[in-house]
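What follows is chain A paired twice: with chain B in the first complex and chain C in the second.
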Partner chain A sequence: MRRTRAVEAWTIEPLNRFVVESGARFTLLMTPAGQVLAQHGFTRAVDVMASAALGAAIFSSTGEIARMLGEREFRALNHQGRQYGVFLGALDTDRGKLLVLVVYGSDSSLGLVQLFFDDLAEQLVVAAPVPEVRRGPILAADFERELNESLASLFGR
Partner chain B sequence: MTHPYVRLLDQVTRVGGVRGVMLVVADDGLVVAESLMEGIRGGAVAALAASLTRRLAMVTKTSAVGELGFLQLQAEEGTLAIVPAPAGVLVVAVGGSDMNVGLARLEMLRVAEVVR
Partner chain C sequence: MSLVNFTTREITCKIVYYGPGRSGKTTNLQYIYGRVPDDRRGRMVSLATETERTLFFDFLPLELGTISGFTTRFHLYTVPGQVYYNSTRKLVLQGADGVVFVADSQVRQLDENIESLQNLQSNLIEMDDDMRSMPLVLQYNKQDLPPQLILRPLELDEALNFWGLPSFASDALRGVGVFETLKAISEQVLRKLSEEASQ
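So, the complex of A and B:
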């Protein structure tokens, strides 16, 4: 059985509930910069990193289209394929803006994903901690260590 | 100006006991048109009704009893009725326990004929 793995533990329970209720195949919770906070369904780190980077890029590029249309941003977008659909939604929490990338199959639907995404967003807003203020500069060594720790958390290594 | 589909739904909402009716995309579970009383979460009902219909259609197919034609869920305080239209759209009605299911079904079938 595929498992939910998280870098930040407060995300696990809402994400688990969302996956069960929506029937999502894969789910990524990340920042707009593509930093992954939790994932469900992925088995390879490279897939997580690629999906996070692409999801963040899609959100960023559609944000520009939104601004051209006079919108502040698009809160959600959907790409529909024959077998799979990809839903990308945004929410604001005390932890900052977060993105949720969801891949769903024919056993779910956009309506179900949207419905339970609203519930997920509410639960994440309630659960999100206020981030600690970071003191001192961010060093390359710290960045690499934190990246490795994140990957270990996401894949249980 | 009211969308023609919403006017079409009015013939179902006029039936006694009906609290709301929607046209829902069967594959996506998204609302196309709705005429609902306040307090009914149309989006949620649409998504869950479409999911339910998909699964029950698999049951009728597996049971070799043909296509799903009409679905009625009788609950403690009301009724959910669904008619799949040929165009991949569902006609979904929500009613109280006093809903005239027979007449509602007839009107829902008429709506399904028009949206085909």
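So, the complex of A and C:
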């Protein structure tokens, strides 16, 4: 069964609702740099990361075209294929700007996705927490030892 | 910009391999991809032209494991080196936590290295960043070529390394220096991340 997984818990409810209402096959919520906050439908983490990097790239590059045209930016984009469509939308929250990538099939439509994307954006804006300011170092003073061990095992050394 | 989640204890950082065209940025990622076990890396995505020159970027996600209790991931990107792709270089550079500058050690490529380094600095400044504050290491690639064709690491340090940054001689095709470079930039990125949080 496809499920929703989130790095940041406040995203789960709005995302679940969106998936049910819009009939989206896959959905990714991410930062403009392509870092994933939540996803629905993907079974392999590697596909999530690659899709997020590519989605962020599409958004950045079309944003650059918008700038050249004197537009502010394109807030939503759609790519229509024969079996699937890909919708990309942006929203501004207290957590910063976020991007949503939606893959939908023939059992949904662009109109449906756009309609419920607006709801999703509103719910995410309400739910987004102001980023916490943490004091104190994140990593232990000797983090290099663990890092070196991790990298050594990564390279089979 | 790195993503740190204290609830799920996850860190995700973005590292960009920068440098002139054909200096070996993609080769670095290809070597890493080839060496790392399947379960520790994702699919390598390459947006390249028909002649295999990088058009937009290469992307390789790496799972480092647990560091100080945080599941740590690095997203490695390359930029297109060719001069006329500057707008896409800027896009890839956005949100970078660290940069590896891959220089081509060939004597005849020195001007291209300098131009690319200046381009990196001007792009960082446009993003309100700076080479002095951004974690950065230099890699002098193609050191395996005949000595008469290349500059030695000390000569390249003289020409490019104004700030005394860590620098590594490499032959990325055979993996020489690739690991050391990644290790150095990883340390710098994580140290900066930790220091910024403690301020």
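Here is the rule we use: the second predicted complex is superposed on the first by the 132 of 157 C-alpha atoms of A that agree within 3 Å, B and C clash if a C-alpha of one lies under 4 Å from a C-alpha of the other, contacts with A are read in each partner's own complex, and residues count from 1 in each chain.
In this text, a residue touches a chain if its C-beta (ideal position, glycine included) is under 8 Å from a C-beta of that chain, and two chains touch if they have at least 3 such contacts.
Just so we're clear, the structure is a prediction, and the values are computed from it rather than from any experiment.
Undergrad: In the superposed arrangement, does A:S150 touch chain B (first), chain C (second), both or neither?
TA: second
Undergrad: With the two complexes superposed on chain A, say which partner A:D47 touches: chain B (first), chain C (second), both, or neither.
TA: So A:D47 only meets chain C here.
Undergrad: Which of the two partners, first being chain B and second being chain C, lies in contact with A:L69: first, second, both, or neither?
TA: neither
Undergrad: Which of the two, chain B or chain C, is in touch with more residues of chain A?
TA: So, of the two partners, C touches more residues of chain A.
Undergrad: Quick one: is A:S60 in contact with chain B, with chain C, with both, or with neither? Answer first, second, both or neither.
TA: It touches chain C, and chain B stays clear.
Undergrad: Looking at A:G111 after the superposition, I want to know if it touches chain B, chain C, both of them or none. Which is it: first, second, both, neither?
TA: In the superposition, A:G111 touches chain B alone.
Undergrad: Does the superposition put A:V130 against chain B (first), chain C (second), both, or neither?
TA: Neither chain B nor chain C is touched by A:V130.
Undergrad: For chain A, give the residues common to its interface with chain B and its interface with chain C.
TA: none
Undergrad: Going by the contact rule set out above, which residues of chain A touch chain B in the complex?
TA: 80, 108-112, 114-115
Undergrad: Which bits of chain B are touching chain A when the two form their complex?
TA: Residues of chain B touching chain A: 24-25, 27-30, 43-44, 46-48, 50-51, 54.
Undergrad: In their complex, what parts of chain C are in touch with chain A?
TA: Per the touch definition, chain C meets chain A at residues 1, 3-8, 10-12, 14, 35-37, 40-43, 45, 47, 56-57, 59, 61-62, 64-68, 70, 72, 75, 77, 87-88, 91-92, 94-95, 179, 182-183, 186-187, 190-191, 193-195, 197-198.
Undergrad: Which residues of chain A touch chain C in the complex?
TA: 7-9, 31-35, 45-47, 49-50, 53-54, 57, 60-61, 64, 132, 134-140, 143-144, 146-151, 153-157
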